[in-house]
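What follows is chain A paired twice: with chain B in the first complex and chain C in the second.
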Partner chain A sequence: MSGMTLTFRGKAGTMVDMSAILPERLAGRTVETVAGLPLPCGGGQSTVGDMFDLSAGDAAEGLLIRPIGAVLQRVGAGMTSGRILVDGDVGGHAGAGMGGGQLRIEGDAGEALGGALPGLPLGMRGGLISVGGSAGDRVAERMRRGIIVVDGAVGAFAAGFMVAGTLAAGRGCGPHPGFGMRRGTLLLGRPQDTAPDNFADGGTRDWLFLHLLRRALQGTGSWVERAGTTRAHRFIGDVAEGGHGEILAMA
Partner chain B sequence: MTEMRINGVRIEDTFAEAFPMTYTRLVITADTPAWVDAATSSLTGFATSVIGCGCEAAVERLLTAEETPDSRPGAAVMIFGMSTGDLAKLVVNRVGQCIMTSPGSACYAGLLEGTKRIPLGGGLRYFADGHQISKKFGDRRFWRLPVMDGEFVCEDSVAVAKGIGGGNFLILAASHRLCLAAAEAAVAAIRPLPGIILPFPGGVVRSGSKVGSKYKALIASTNTRFCPTLRAVEPETLLTPDVEAVLELVLDGTDEAAIRTGMRAGIAAATAGGTAAGVLAITAGNYGGKLGPHHFHLREVMA
Partner chain C sequence: MLTKLAGGRLFDPANGRHGEVADLWLRDGRIVGDPGPGATPDAVHDVTGKVVMAGAIDIHSHIAGGKVNLARLLMGEEHDRHRFAGSPCGCGGGSGIATPSTHTTGARYIEMGFTAAFEPAMLGSNARHAHLEMSDIPYIDTGGYLVLGNDDFLLDLIATNAGQAAVNDYVAWMLTATQSLAVKVVNPGGINAFKFNARKLDLDEVGPYYGVTPRSVLTVLARAVYELGLPHPLHVHGCNLGVPGNIATTLDTIQAASGLPMHMTHIQFHSYDTAGDRKFSSGAAALAEAVNRTPSLSVDIGQVMFGQTVTASADTMAQRHTAPLAHPRKWLAMDIECDAGCGVVPFRYRDSSYVNALQWAIGLELFLLLDDPWRVFLTTDHPNGAPFTFYPELIRLLMDRDYRLAKLAEIHPDAPAHTTLGSITREYTLAEIAIMTRAAPARILGLSDRGHLAPGASADVTVYSDLPDRRAMFERPDLVFKSGRLVVRDGTLVAMATGCTHVIRPGFDDLIERRIARHFDERIGLPIKHFRIGDAEIRHGAGPQLHPCRRREVP
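Then we have the complex of A and B:
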């Protein structure tokens, strides 16, 4: 990946708010300018240059972030364009409220991946988040549009209050999936025979649109690309919210 | 200009006159090639001429499973109309009545960029009575409509672009059988080419028309100058005594280059057997150059 590289050099375990480090905000800026930008971290204020080693390159071409033990919160939150690649794990609210662009996390993600930032009514509004590892609770909470694909498992309350969009979790999810879901799709890579609470059993069949999802994810290397079938068990819900959402468990 | 002959076949010093049209391209898929054929046959039925049908449509080419969005067999269909507004009404009606009704079918945009967009699933989604599901993958929105065999998947909209309709050439032959054989060879040569359709039955027209009629209600009537049976009584006949049948190929295409390539391939195929195969001359239909801005001079096309 060409573009700008940020390699963490602070103390392991330091919590850093990365919501200001977005490709669209850094595009065209020099390394020196970026290094001088303020960066909330560890309960105080620092600068990007104090916390990261920066390589020369234009963030418009993409951002490569190497966490090296840092707890990076809100990576890609609010991003509308461009590309971020994280070579490691991220903390909570990665891609929260994201409106476009691509966020790739090679490791694990924390809670509220692609969800809503505190106090805001909607989660992710567009773009693509792909995670090579697993993700925490409340993934895709209040999500409005876009795709989140997680190769591992996601935690509790996945796709909670989802308005629309697609969350695909390769190794299934924790309890209470689709709680309060209005529309949208939670796709699980594991079979499931029993309907979650407030979901109705819609039966098993081949789903043509999953071919379209697979095409959309071409090149990401995600589990959806590798899935050999489009046959899935459909659960319709949350019926308390009108029942237009769905959980699809691959057969 | 000196006389031009190909394998002894006379190429008349005239031109085909063609018109600007608006077109779109749809990709239709189904479970098997046979069901693709069923769906596209219905979609492109009664779509030979804008004069009587409102649009002109045909399969541009068949698609392999690797080429379609849902990895199933498919076909690219081009539909030509006189305006974006006309096309918008015709396309959504045809997709609704001919594709949505066809078992296992799906409909996608085959033209992603153009002057405007017209609705596909965006217009048909209400059929689902509130159970429609929208999925947006990247920049493309699709609709999933519950139907009796599962779901009808249809792209939200498709682009339209400026194209050309009415490219043509006529084959003059010594017998009906030989004329038809030459026309079939021309169709076979044109069909694999991209960006062109032959909207008439089998790709061939036998009832070429002229503008106007002795009957006031008609805007077009049989092209008497090319009717062999009227040769003796039609003062302006363009047929020599040895011509027993005339067939026309009409080409609609994305641009002048596509039409030109198609005409050249078709005429080359039609004249390949030469006069020995009974093909006597190739000519073209025009209105004196006053109606259509696109002129395809046969001798330039074949030069």
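Then we have the complex of A and C:
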């Protein structure tokens, strides 16, 4: 990537709110001006320059973030365009309320990945998030458009209150998937024996949709590309919310 | 530590002083008489020409407890957008405007010269949480009013005709167990009826399960409060809040008290008539007349101010009605331990809306039509009408007719025709503001050492510059003392202080405790001993400030 690189150099375990560090906001700015930007961290205020080593480059070309032990919250939250690549793990609310662009996380993600920021009624509304590791609870909470693909497993309440959009979890999910789901798709990379609470069994067959999804994700290197089949067990729900959402478990 | 405030104009209506120039002495947290020529004060503040008042007291402000915390959660974005850094004096800062966190609550109040605020809706089952939060609010004194009137034990006592004595014992026991200062009733019987699918309950309508009318709940509780000798009369949030035409219910409620003292709260929300094309108009004139001729009655207004806020109430019934108007579009409602309810609905009052504009006008109309400042209190029912930080603006509206008329011209053009606000010439004086925000609240809560400046009173003192812009004056006091310590200078925090929690403890017959214990075992599943709040749990072990049960006889 010929974009800007941010390498964390503070104390390991420091919590940093990254919601202001977005490609569209940093685009066209010099390293010096970016370094001077305020950055909430550890319950106080700091600057980007104090917390990160910056390499020359234009953020419009992409942002590469190396966490090196920091707990980075809200990475790419509210992002509408551009690319962010995280070479490591992120904390909670990564890509929350994201409207567009691409967020790639090589390591694990925390809770509410692509979910809603506190107090806001909607989660992710566009763009693509891909995670190489696993993700925490409430992934894709209140999501309404876009794609999230996680190679590992996701935690409890995956796709909770989802309005629309797609979440694909390679190694399955924790309890209560699709709680309050209205529309949208939760795709699981492993079989699901019993129907989740409030979901009706819709049978097993080949789904054209999975061809389309695989094509959409071409080049991301995600598990969906590698999956050998388009056959999946479909569950429909949440029936308490009208039942237009689906959970697809790969057979 | 001896402090002298030299040459100020004292506004101390409780002691008949309306702007007399005199020195004021504070020693170790108390106001003292002039110690004589030999005294050497440790600090002297020259306040010549400035206005000196006791610290202000807010008798109705939702600052702690279950629904306040739920409102904070619901309004998460507000806490994201409005963060305040801590100050060097030890205040931890915090976040929020309509739902401020504890330290922010204390800081915003003391910066305006308020030294006490009372949480008016503490549910028994949430009392411990409320007290823990109040302990964490710095600078100001607090206390809670216990919510009764929808709890099964009381409704059962009334339904089975157990007698007034049993009710009195129960109320006294609950006040003691929850470390409360007064009794409040919210939509008497209505929240309970809501659980049995009633969506409306009028004053004389029989509730679905217990067969008890709101009127009987109201009178039984008002009598209990009177017979127990509590200083603060029953704090009433009546039926039909916010419903057009509810003025009739409100006037009936006044009748229902039949001479017993009663405090009607946020009456602005209970003063709506149905005249005009929109079937929504002001009933303020009729209500003001009724209040003016009933000396046993006191009221607070619950003024609406324009802007974003959130309404948080135990009145599930009313909140469910307003939910479709939520802005932003989200709300919550929940039952609380089957003893009461809770509804939180975010709201944005707009001056371009006919209804909101009229609500604003009705509140001001009430303020200006009620003659006796000893019986009307300055509230916005924080955060339901507006955050309490709007008080300085509200005071300016009351004290400055030209400003008021200018604001009246800005609101929805059809609203002024349905209120008498434009024709009212009254302007509040500084003395009346001092009564309404200091002397009267202290008197109606039975706090004998607050709200005035006589020797012996707590040294809670505010010093203002006498500016023609009353908003600027009340927004930024020159000096604020809490318990004798200077905590605010020129509107900025300079030192940390902690307040106390005020509590009242009427006596009761121990027999009632056995009955309540059985109720806890059978119905609640929580042993009575865990329900009761110990003194050590108040204010981080400092314990409560007890006040005697002395009924204030109404003339």
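Quick note on the criterion: the second predicted complex is superposed on the first by the 251 of 251 C-alpha atoms of A that agree within 3 Å, B and C clash if a C-alpha of one lies under 4 Å from a C-alpha of the other, contacts with A are read in each partner's own complex, and residues count from 1 in each chain.
Criterion: a contact is a pair of C-beta atoms (placed from the backbone, for glycine too) under 8 Å apart; a residue touches a chain by one contact, two chains touch by 3 or more.
These figures come from a predicted structure and were not determined experimentally.
Look at chain A after the overlay: chain B and chain C fit there side by side. After overlaying the two complexes on the shared chain, residue contacts for A:A164 are found with chain B alone; chain C is out of touch.
Contacts of A:I147 after superposition: chain B is touched, whereas chain C is not reached. Legend: residue contacts after superposition of the two complexes on their common chain; A:R205 is shown touching chain B, with no touch to chain C. Of the two partner chains, chain B is the only one touched by A:R183; chain C is not.
By the touch criterion defined above, A:R25 reaches neither chain B nor chain C. In the superposition on chain A, A:L120 makes contact with chain C only, not with chain B. In the superposed model, more residues of chain A are touched by B than by the other of chain B and chain C.
In the superposed model, A:R231 lies in contact with neither chain B nor chain C. Of the two partner chains placed by superposition, only chain B is touched by A:L213; chain C is not. Of all C-alpha pairs linking chain B and chain C after the chain A fit, the shortest spans 25 Å.
No residue of chain A lies at the contact with chain B in one complex and also at the contact with chain C in the other. Contact residues on chain B toward chain A in their complex (touch as defined above): 69-72, 106, 131, 133-138, 142, 144, 150-151, 153.
Put simply, chain A touches chain B in their complex at residues 145-147, 164, 166, 183, 185, 205-209, 211-213, 215-216, 244, 246. Listed in rising order, the residues of chain C touching chain A in the complex are 73-80, 85, 328-330. Those residues of chain A lying in contact with chain C across their complex are 45, 117-121.
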